[in-house]
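Working notes, beginning with the structure itself.
Think of it as A, B, C and D in the order they're written, each chain with its own count starting at 1.
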Amino acid sequence: MANGQAKERLPEEKVFKDPVHKYIYVQDYLIWNLINTREFQRLRRIRQLGTSYLTFHGAEHSRFSHSLGVYEITRKIISQFERSGYSGWPIEEKLVALCAALLHDIGHGPFSHSIEDVFDTHHEAWTCRLLLGDTEINRVLRAFDSSYPERIASVICKTYHEPIVVSLVASQMDADRMDYLLRDAYFTGVNYGTFDLERILRVLRPHQGRIVVKESGMHAVEDYLMSRYQMYWQVYFHPVTRSSEIILRQIFRRAKELYAGGHAFGWMMAPLEKLFSGTIDIEDYLALDEALVQTAFSAWTNESDPVLSDLCQRFLNRKLYKYITMDQPDEKLWHEIREQFRVIGLHPEYHLEIDFPYDMPYHVYRPGTAEQAEKEEKPPILLLSGDDRLSEISGRSDIVRSITGIHQGKYHLYYPEEPLLESAHLLSAKIRELFALM
Amino acid sequence: MANGQAKERLPEEKVFKDPVHKYIYVQDYLIWNLINTREFQRLRRIRQLGTSYLTFHGAEHSRFSHSLGVYEITRKIISQFERSGYSGWPIEEKLVALCAALLHDIGHGPFSHSIEDVFDTHHEAWTCRLLLGDTEINRVLRAFDSSYPERIASVICKTYHEPIVVSLVASQMDADRMDYLLRDAYFTGVNYGTFDLERILRVLRPHQGRIVVKESGMHAVEDYLMSRYQMYWQVYFHPVTRSSEIILRQIFRRAKELYAGGHAFGWMMAPLEKLFSGTIDIEDYLALDEALVQTAFSAWTNESDPVLSDLCQRFLNRKLYKYITMDQPDEKLWHEIREQFRVIGLHPEYHLEIDFPYDMPYHVYRPGTAEQAEKEEKPPILLLSGDDRLSEISGRSDIVRSITGIHQGKYHLYYPEEPLLESAHLLSAKIRELFALM
Amino acid sequence: MANGQAKERLPEEKVFKDPVHKYIYVQDYLIWNLINTREFQRLRRIRQLGTSYLTFHGAEHSRFSHSLGVYEITRKIISQFERSGYSGWPIEEKLVALCAALLHDIGHGPFSHSIEDVFDTHHEAWTCRLLLGDTEINRVLRAFDSSYPERIASVICKTYHEPIVVSLVASQMDADRMDYLLRDAYFTGVNYGTFDLERILRVLRPHQGRIVVKESGMHAVEDYLMSRYQMYWQVYFHPVTRSSEIILRQIFRRAKELYAGGHAFGWMMAPLEKLFSGTIDIEDYLALDEALVQTAFSAWTNESDPVLSDLCQRFLNRKLYKYITMDQPDEKLWHEIREQFRVIGLHPEYHLEIDFPYDMPYHVYRPGTAEQAEKEEKPPILLLSGDDRLSEISGRSDIVRSITGIHQGKYHLYYPEEPLLESAHLLSAKIRELFALM
Amino acid sequence: MANGQAKERLPEEKVFKDPVHKYIYVQDYLIWNLINTREFQRLRRIRQLGTSYLTFHGAEHSRFSHSLGVYEITRKIISQFERSGYSGWPIEEKLVALCAALLHDIGHGPFSHSIEDVFDTHHEAWTCRLLLGDTEINRVLRAFDSSYPERIASVICKTYHEPIVVSLVASQMDADRMDYLLRDAYFTGVNYGTFDLERILRVLRPHQGRIVVKESGMHAVEDYLMSRYQMYWQVYFHPVTRSSEIILRQIFRRAKELYAGGHAFGWMMAPLEKLFSGTIDIEDYLALDEALVQTAFSAWTNESDPVLSDLCQRFLNRKLYKYITMDQPDEKLWHEIREQFRVIGLHPEYHLEIDFPYDMPYHVYRPGTAEQAEKEEKPPILLLSGDDRLSEISGRSDIVRSITGIHQGKYHLYYPEEPLLESAHLLSAKIRELFALM
């Protein structure tokens, strides 16, 4: 495709039917071509919410849907900036912003958080590798403008020379968050995660390299942040989802350990092997989708290692770990629990995990000081008064302040229930009481 | 679990958050235990709408969600029958009906229609095998009542001695259809597939072994049938979905053919091999989910057979066949097209397919005569007048009659576009014109 | 306000929160000023659906809301025509079209259909009088452009020189109908009246002085017409609403008759008196809103005329006439019923009314021939094929044909139930049977 | 109707289509008969949100709709208590509770808050008068059970011997508030006022004479209270609505003053005259609906008193007072403003009003201590822990605490803008600056 042709708009707008935004509108060849790359299509095989579908059965939507949604919200914001003729928006950056919005998640692997934990990979790094490496996406971008791969990668890395473009894709009220809150609410079916997107869009303003909020929009932002708060506690931090993530991580840890120990797997595939050995390249990474991971787990239910096969069947058949809620245990109690687990033949390193919701990649809302904001990834939400002064929202809103840094999570201790029930008589009275095995 | 205990109701109702019905209520141990079997959990790995997600990106929902929804609608219908004290409903059949509703789809494999076509399997037969064979579901049912596996299987096979139970799960207005129309509309995002479920439930009546509709509910039924009509033409018969199904079927046909010819696959797994050889048993069938199928396709993009590898990458990367719309071609034209395809190195048996929407497992609405109704699987919709007379709805409603047996579909000819574009100069003028290659 | 200033756009877009369209956007001073006139504000005191609120308690919305909605849909259609750069749309007509959309209903009086029936007024004629007479609306329009009052009146009268502007406001798929179907569905709460507005807007095209529909939009139009069909039978033709309209009309007839006979009303107000005497002028017409009509009815419950006071308390306290459903009665039966009514002291001219839904200002859909279409007010819906040929939709769609000219209504005989129950013993056996008084 | 018959259930459930709850179900003759009384039907002529329709044009719904909604939510709560067999619910109180829910608002007059302010009436007192006086409602209740009028009146007065019945109808989470939040959000179109009613209903428990909330429902309550918070600030406290209420109150004050001074009104009706003279009885009160009030205002636009006629046309034509936002003015400034208003011929007592949102009958949420709760009308929300301990929610939730007693309102000074613009040159520089008249 010739550069000239690619730059033109599509002769007729294309639309995708979308349950969250009704329709997603594509007007540029570039966007259309990016959607049709194999790397972007691969996002169909990676769920947006990881293991949450085991808690909320509707949450089976993919990162493909979400990526289109982030693109659409970004398109709407820019379109409103252009229509209103706001001076703070650099109109020549439109396509860069749209591409960054569309592609910001292409580096995600299957069940990203667990894999990143165990194998120390990072999806943003992979996004940049896919943008800059030998991929269809890279070719489509270069055919349009040879500077595009680097420019879009630098938006993702937050080093782009136009900070407002970064702000669109990565801030406390970016298109990414707005789409996932609405989308996750829609697919899980919880209606307390919705907020009035049109109302929010109307109060956003480009201002000195940032997206800020018109002062009169404070209640709209409060509504958005409360939706976020509700989604975090009702959906993202749900203890059953945490249980499934723990099992997932244990599977990866066990398989990696077995691999390192030279275990002869009854079933293996190259992308996994290279992941375990730390030699994974782009082709293998692209092959590593949730279908492959689930197929591996299914095959490994027949592995000779009992820990691995047990964990795999637990994940597939949703026989998750149970949990008890507790205050932070002291070293002594923690030691005793582990000892007692060993007494009945369990491996504490796989069969026991203590969890506190804050070890997670989500924050309800953290404003930070000005300096912290510099270092922090996500800039805070600023209100713009009539006389052009900016103020951080949590300094203005009691409600926002009330959810800032809330620590209402409790410690949860996760474990397989069946062996404890079966061997309750071998456990100490204290442990039996703690686990309600009377 | 002791039988006695199982028969009891759950001490506290369990709920599943569901986007379509808001909540799904489980009140019985039996239902709860069935949901927790591995065979039922496996439905999470089988999409409700097969390849439709390639056309409507939101359509990623599973048969697991749908099965819970069918259960919930059945529960609501029965609950209303009981509350109103209608004499036509055999109250002792409640749990049998709920089990049948919940389990009616457990025999579905991945992308069922394509697999059934190519390998001559049948999902209803598999449902019965799973009910009656050595499965967790069978054990849960037997623990509750030893007659349950057979009773539920006979509901599924439509031979049950209480025809009204069959009617609940399999008729023109059964809980199955009602859930899938609402659910598919919700997840695709098309709002013309919705109808007023509460209004429909209010006009259903048990009557002489059938579920019929109170006469005053005629407009409600028209509304429901129009939703169905819209869903069929806008979603189920969508030509892009048809294209992806054709590719899927060609993959299975090609792989089966290669296997029969002794091809040494670079990658294979036991459940597939047994499917190809016609020796698949319950364990393998259960392992055969969409994750495994997609993993196979991903591996086969590297197969030495160019037809198979091309088809697999087309499916995964959504490089689907294009189509042209035409009247039914005569034998001569059909022959010429095939010849010309061979000229440019294509295999007509894999690269060409003519399709008419009616070769499909859906019918908008077909009333049938009384005798036909006996033979037909799905009994028609009957209106019950004040003086207890029954009349088939299409005899009463012009609108229903207008959509009965509508044949507005055209023939579509599907083919890969790239080779035709590249070799257009080798094709006859007639063929170039037909495929718009000028 | 100076002309120059008025022509400018508002410095900042104004919005109205609207439950149907989410937001209504006003961008022009002219529109803003028209909304703020007393004639337009008066529409707040006239219900959109007349007496339907006595059947559907949510239907309390006013013509004010609806008029804003028609404006908003018109704005969206034009905005899409402009964005797509369609040649068939005369861009200089935008404001004329928006004004006509906003103002098309300003001539409506309280419970229009009944008043028009009894007093032989016509709301379209009043709309033109208000546009052209001594009103705030006239002044606002003239201040903007002296030709505007006439131009907008001629759009309303369907004589405007640009027929496409008329088509926007008055055709089978005009902005008026689209808004009222969605709005009436929303406020009554029936969800079968909804259709996908965004989908419809996407398939409209300006074409040779008409708004036509892209051929591929046929199913979208079917969906819209089915919504209309459902709304007519479920809402607009509802027999309880018909009953309340009959009572309303009888009140007006009786009051007019009493006035003509020189009856000394215990309570009267000038606008009513002038309505009765046929001398009503603009000022009085503007004062004639639903508040005044209801206040009159309330006062007249104390009138000395028993017929009038009975009818008024029936209307206010919703003691409506009952109805029986029947085939068209012959002259003889009709005579007998009237005689029998007299026997028990009822006045057939006030206490008896036969009704067939087609004596109403609604038609589900009537295509008409080309010539009829000329004469008919509302042009039919035309599909535009790829090769620019037009075809009327009922010639293409079985479904549309099935609802064209459907006559499924039955005759209803309305009467006050209480006197018949009390004096049943005085009636003939035949009449007792007919009215189920056994 | 004989008592025995009245006690029976309706042979077939009646339903009302309701946009908020989908359907409202009536199962008892008693409820059906109450709905059909003239006193209940009168609620159709009284808007639920007073003058809010002048700000949100969709807010035209009546107290009739709301009263049915409160009944329906109460029915659902009781139905769930009964199904779950909770011991804390006195099942014999069901009908009393349903009647109280249905009838709790029958004493409301037109634009209640303004009328109560000026004429010192009280709608709860009127509710009891209508229950106990010579009314259709009283007759229907007595026909059913002679103790019902008193019992229901004592629920409304919060003196009923079963406090849990009072709690259903009047507490921080009663059926009244739940319906109006959902209904007002629906009709205004603001979607931030919605919460998940089904989720709330599932966590309510009868407990020692109170309705409390299961501990795990804390987030659901937070969501409900946040909806309330948003509705108060976005809808109920909206400054434009406040402006229309101020004008309304001034009209009543002026008319009362004129009446007291012996002014000869050009137009008057008995119910208003008796309201002014403090001699209003039941019949007149029932005739006093919003139609009559609006008709009076319309007639008074022609009154000789310029203050009254100006205020009336302002209200009808929505020429409301403008406002400026300010900190609490000191006595000196306040005095100066009033003096300056007099300079240009305005009457400060009618043309100037300072307003602080807290002079209003709404509170976002105020928990109160146990003693205060006794005295306060609305008991606080209590969480019930697993071990049966109760705790007030604002002691548990940071979010609830953050909205408790929030004082973010500012003072607003309302005034007619036109005279100030016209006579700006006569005003002091300070006043010109304050009112931005430079």
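The definition used in the following text is that a residue touches a chain if its C-beta (ideal position, glycine included) is under 8 Å from a C-beta of that chain, and two chains touch if they have at least 3 such contacts.
These are the chains along with the protein names UniProt gives them: A, B, C, D = HD domain-containing protein.
As the structure is a prediction and not an experimental result, all values here were calculated from the model.
J.: Count the C-beta pairs in contact for A-C and for B-C, then report the pair with the higher count.
T.: Here the pair linked by more C-beta pairs in contact is B-C.
J.: Is the contact between copies chain A (HD domain-containing protein) and chain D (HD domain-containing protein) built from the same residues on both sides or from different ones, judged by whether over half of the numbers are shared?
T.: Same residues, largely: of all residue numbers at this interface, over half are found in both copies.
J.: Round to the nearest whole Å and give the separation of the Cα centres of chain A (HD domain-containing protein) and chain B (HD domain-containing protein).
T.: From the centre of chain A (HD domain-containing protein) to the centre of chain B (HD domain-containing protein) is 32 Å.
J.: Could you state the distance in Å from the CA-based centre of chain A (HD domain-containing protein) to that of chain C (HD domain-containing protein)?
T.: Chain A (HD domain-containing protein) and chain C (HD domain-containing protein) have C-alpha centres separated by 52 Å.
J.: If you average the Cα atoms of chain B (HD domain-containing protein) and of chain C (HD domain-containing protein) to get two centres, how far apart are those centres in Å?
T.: 44
J.: At least two other chains touched by the same residue of chain A (HD domain-containing protein): list those residues.
T.: Correct list: 22, 190.
J.: Considering the complex alone, what residue numbers of chain A (HD domain-containing protein) touch chain B (HD domain-containing protein)?
T.: 16-20, 22, 36-38, 41-42, 44-45, 53-54, 56-58, 60-62, 64-65, 68, 186-190, 269, 287, 289-295, 298-299, 313, 316-319
J.: Under the touch definition given earlier, write down the residues of chain C (HD domain-containing protein) that touch chain A (HD domain-containing protein) in their complex.
T.: Residues 15, 22-23, 198, 202.
J.: Where on chain A (HD domain-containing protein) is chain D (HD domain-containing protein) touching in the complex?
T.: For chain A (HD domain-containing protein) paired with chain D (HD domain-containing protein), touching residues are 190-192, 194-196, 199, 219, 222-223, 226, 229-230, 233-234, 398-399, 401-403, 406, 408.
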